[in-house]
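Going in written order, the chains are labelled A, B and C, and every chain counts its residues from 1.
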Amino acid sequence: MSLRLRHLTTLENLPRATIERLLDRAVSMRDACAHGTRKLDLLAGRTILNLFFEPSTRTRTSFELAARRLGADVINFDIGFSSTSKGEELYDTLHTLEAMHLDAIVVRHKTSGTPDELVRHAMSGVSVINAGDGNRAHPTQGLLDALTIRQHRPDFENLTVTICGDVKHSRVARSDVHALSALGTKNIRLCGPAALMPADTELPHCQRFTDFDQAIEGADAIIMLRLQKERMAATDLPDEAAYFQRFGLDKRRLALAAKGCLVMHPGPINRGIEIASEVADGAQSRILEQVGNGVFVRMAVLGEMLAR
Amino acid sequence: MSLRLRHLTTLENLPRATIERLLDRAVSMRDACAHGTRKLDLLAGRTILNLFFEPSTRTRTSFELAARRLGADVINFDIGFSSTSKGEELYDTLHTLEAMHLDAIVVRHKTSGTPDELVRHAMSGVSVINAGDGNRAHPTQGLLDALTIRQHRPDFENLTVTICGDVKHSRVARSDVHALSALGTKNIRLCGPAALMPADTELPHCQRFTDFDQAIEGADAIIMLRLQKERMAATDLPDEAAYFQRFGLDKRRLALAAKGCLVMHPGPINRGIEIASEVADGAQSRILEQVGNGVFVRMAVLGEMLAR
Amino acid sequence: MSLRLRHLTTLENLPRATIERLLDRAVSMRDACAHGTRKLDLLAGRTILNLFFEPSTRTRTSFELAARRLGADVINFDIGFSSTSKGEELYDTLHTLEAMHLDAIVVRHKTSGTPDELVRHAMSGVSVINAGDGNRAHPTQGLLDALTIRQHRPDFENLTVTICGDVKHSRVARSDVHALSALGTKNIRLCGPAALMPADTELPHCQRFTDFDQAIEGADAIIMLRLQKERMAATDLPDEAAYFQRFGLDKRRLALAAKGCLVMHPGPINRGIEIASEVADGAQSRILEQVGNGVFVRMAVLGEMLAR
């Protein structure tokens, strides 16, 4: 049995057994909730603090719900989002929070590596959970995407998964690749405008495409990324319609994928930019399943770290 | 016995029996709280989300207190108030929240009809409670006003109630009229500057006045509305003093009403604009009673919808 | 035995016995928490509202944690910080909150005396706790500083304590002086730029210094105040380096103090402006101990006021 996690800043280099244990725990959480146990007391008396330097109501709410359903208290530490908080100022905030005897800090920060900085500077038993740092990692998103795929296609070794959009700036894409690779998926395809693809040295075991039709052919799951509209300028695509024509997922393209291909998106979706409504709302869409799994995965992570 | 409510978006067309049951429930809540039971566990394990697209600390706090006193968890979903969230974007937010397995969404939105849109698009068992939409409805305010009146004058059939101020833009006025009409009140008078009165086709069974002295004569209850100062420009009243002279409630005017006439206001009050301090703080004022009843009415609504 | 507190707006004129009882209670809270009782139910069913007219995430979080660890519910009433809320508008807010049957209001306001105004206008059994008003008082900070000193040096009568920085605008300094004086400390030294010292008529029993080297000589505890950078202009010090040279606490200066001199700061610290990192992070620093004691002192105050 692998070691119990104390922090979760990235899925990179996490053993397959640990990821599988977390997914199994998430399933247990879902089953407990499905059987009418609306609230567990696994974390009664524990306090979890949300420390968001970037706004994200959805992710913060998902963590808050997860913590509350385990009986923990949740504090939202309202950092002004204009704050650049880094270096000594950041560590002082960390140490202040540690001195208040919190059990875990859920952190989101625009600078890659900030959660690891917190882990390195933590002095007490506080656990650090990364809720997204720069373009580097969003490990609970990687886990919930893996869980969503596993529910339908547990044979990760045989899967072809296509990730499409602004891969370069996407922490979701990186954490997805880490989770899928650890679970044995060999065929991971990255697709997007050349200007929005990561450097060749990054994620070397993934195949790269700039033609979405080719990237989607035979895929068992497609993970569409959210396009930050201000980044469209970096591409050679003049407008949203042009972007959608080259990299949008519509019915025609979905037909190129394998039968029953799962359609996924971390949300919130830009309809008509990266995905057509007919696909987002269609029978193959797993987007809302991802949201539900997000709460269970976060319950699993919090439970693993903080249960006595 | 009428059906248990699943949603509450308006009091319009709600059967008298339903309104009376909710008021009776509110009285039970008040009695339970008065007898030292500070916290009930009727909604233990339930999660209620506040989704406010318009700021309203008072109403949000009242709902939050109501939910907590019933043992529910409360999440504040902090939409940026600059967000215009509507249409597909609004429904995507709704579906995301549903996927997180919430039990109820308390929504305030500047666009009339938004809560009904949410009801129409809801896919799961989530309940929607309108905390105010545009100028259309504020049903818990209508209920708490009815409860406040009933405590003093349960003979709704015999009452004359005057509603004064910016009736045109007031969701409070509309929900008050719906509650009072359902409970049998025949004499409802609307009063305000011509520019701030609703179209003649609306609320046809109410009497209309532009002379406040006439409107107040013999009234058993007066509900003063809050004036949005930016709307004063639409009237032919040059300033606050002029507005107060024509439509402000002072001691002289209150003397024209029936003996013991109840003075009400949804708050926060503008002293010296729509109401004189001597009246707002006087013996006939029920304004703080309204605030207290607000919590009990919201407990009643949440209990009706969500108790197992 | 002195009377149980109902409100806490200032430590001025509080009997020594009351202050000692609160510190003893804080120690009991710390002991209970240290022995694994992560959550007490002393205040189960009680509701505490944070009413902050000035932003202060740290203090608000400390009060929120204290309340939650005693089993109380906490509501954050999000006043827009641009609101000047005073006079009738402030009292109307107070009465509205009282009508909702809250047990305590924790208030921070930029205007000195606001918490006492609330006490004077309160109509019900609600308790008012000052979380900082203008430059007047921050009583829980005074208590937590006294507790921090007492843990190391319970012989208050023999101590020399130096408070350095912008004393003129500091509510922390005033509450520290009140606490220390009540506990018997005779030698309290105030030090800062002439323009940032309080009027001579204020705090007459303290010694005054403008030379920090002299002020620190033989001190048993040094409390450094946070400099609001916009106030530096009022001094004759052209920049941060110049301020630090005259009033910053570094290793050289600390060596002038008594052996084992405690280094304190209410936080957040400005490194290199009022305190050197080597001192803030050094062996004599009690800054994080202060933060931890803050939660226990606030538990003590809330428990004293609200336990049945």
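Just so it is clear, a residue touches a chain if its C-beta (ideal position, glycine included) is under 8 Å from a C-beta of that chain, and two chains touch if they have at least 3 such contacts.
As the structure is a computational prediction, the values presented were derived from the model and not from experiment.
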Subunit A on subunit C, rotation in degrees - Cα superposition, rounded to nearest 5: 120
Self-contact between copies subunit B and subunit C, residue sets same or different by half: different
Gap in Å, rounded to a whole number, between the CA centres of subunit C and subunit B: 41
Interface hub residues of subunit C, defined as touching at least two other chains: none
Interface residues, subunit A side, partner subunit B - complex: 33, 37-39, 55, 57-58, 61-62, 64-65, 68-69, 267-269, 271, 277, 288-289, 291-292, 294-295
Of all residues in subunit A, those that touch subunit C in their complex: 44-47, 49, 73, 75, 77-80, 88-89, 92-93, 95-102
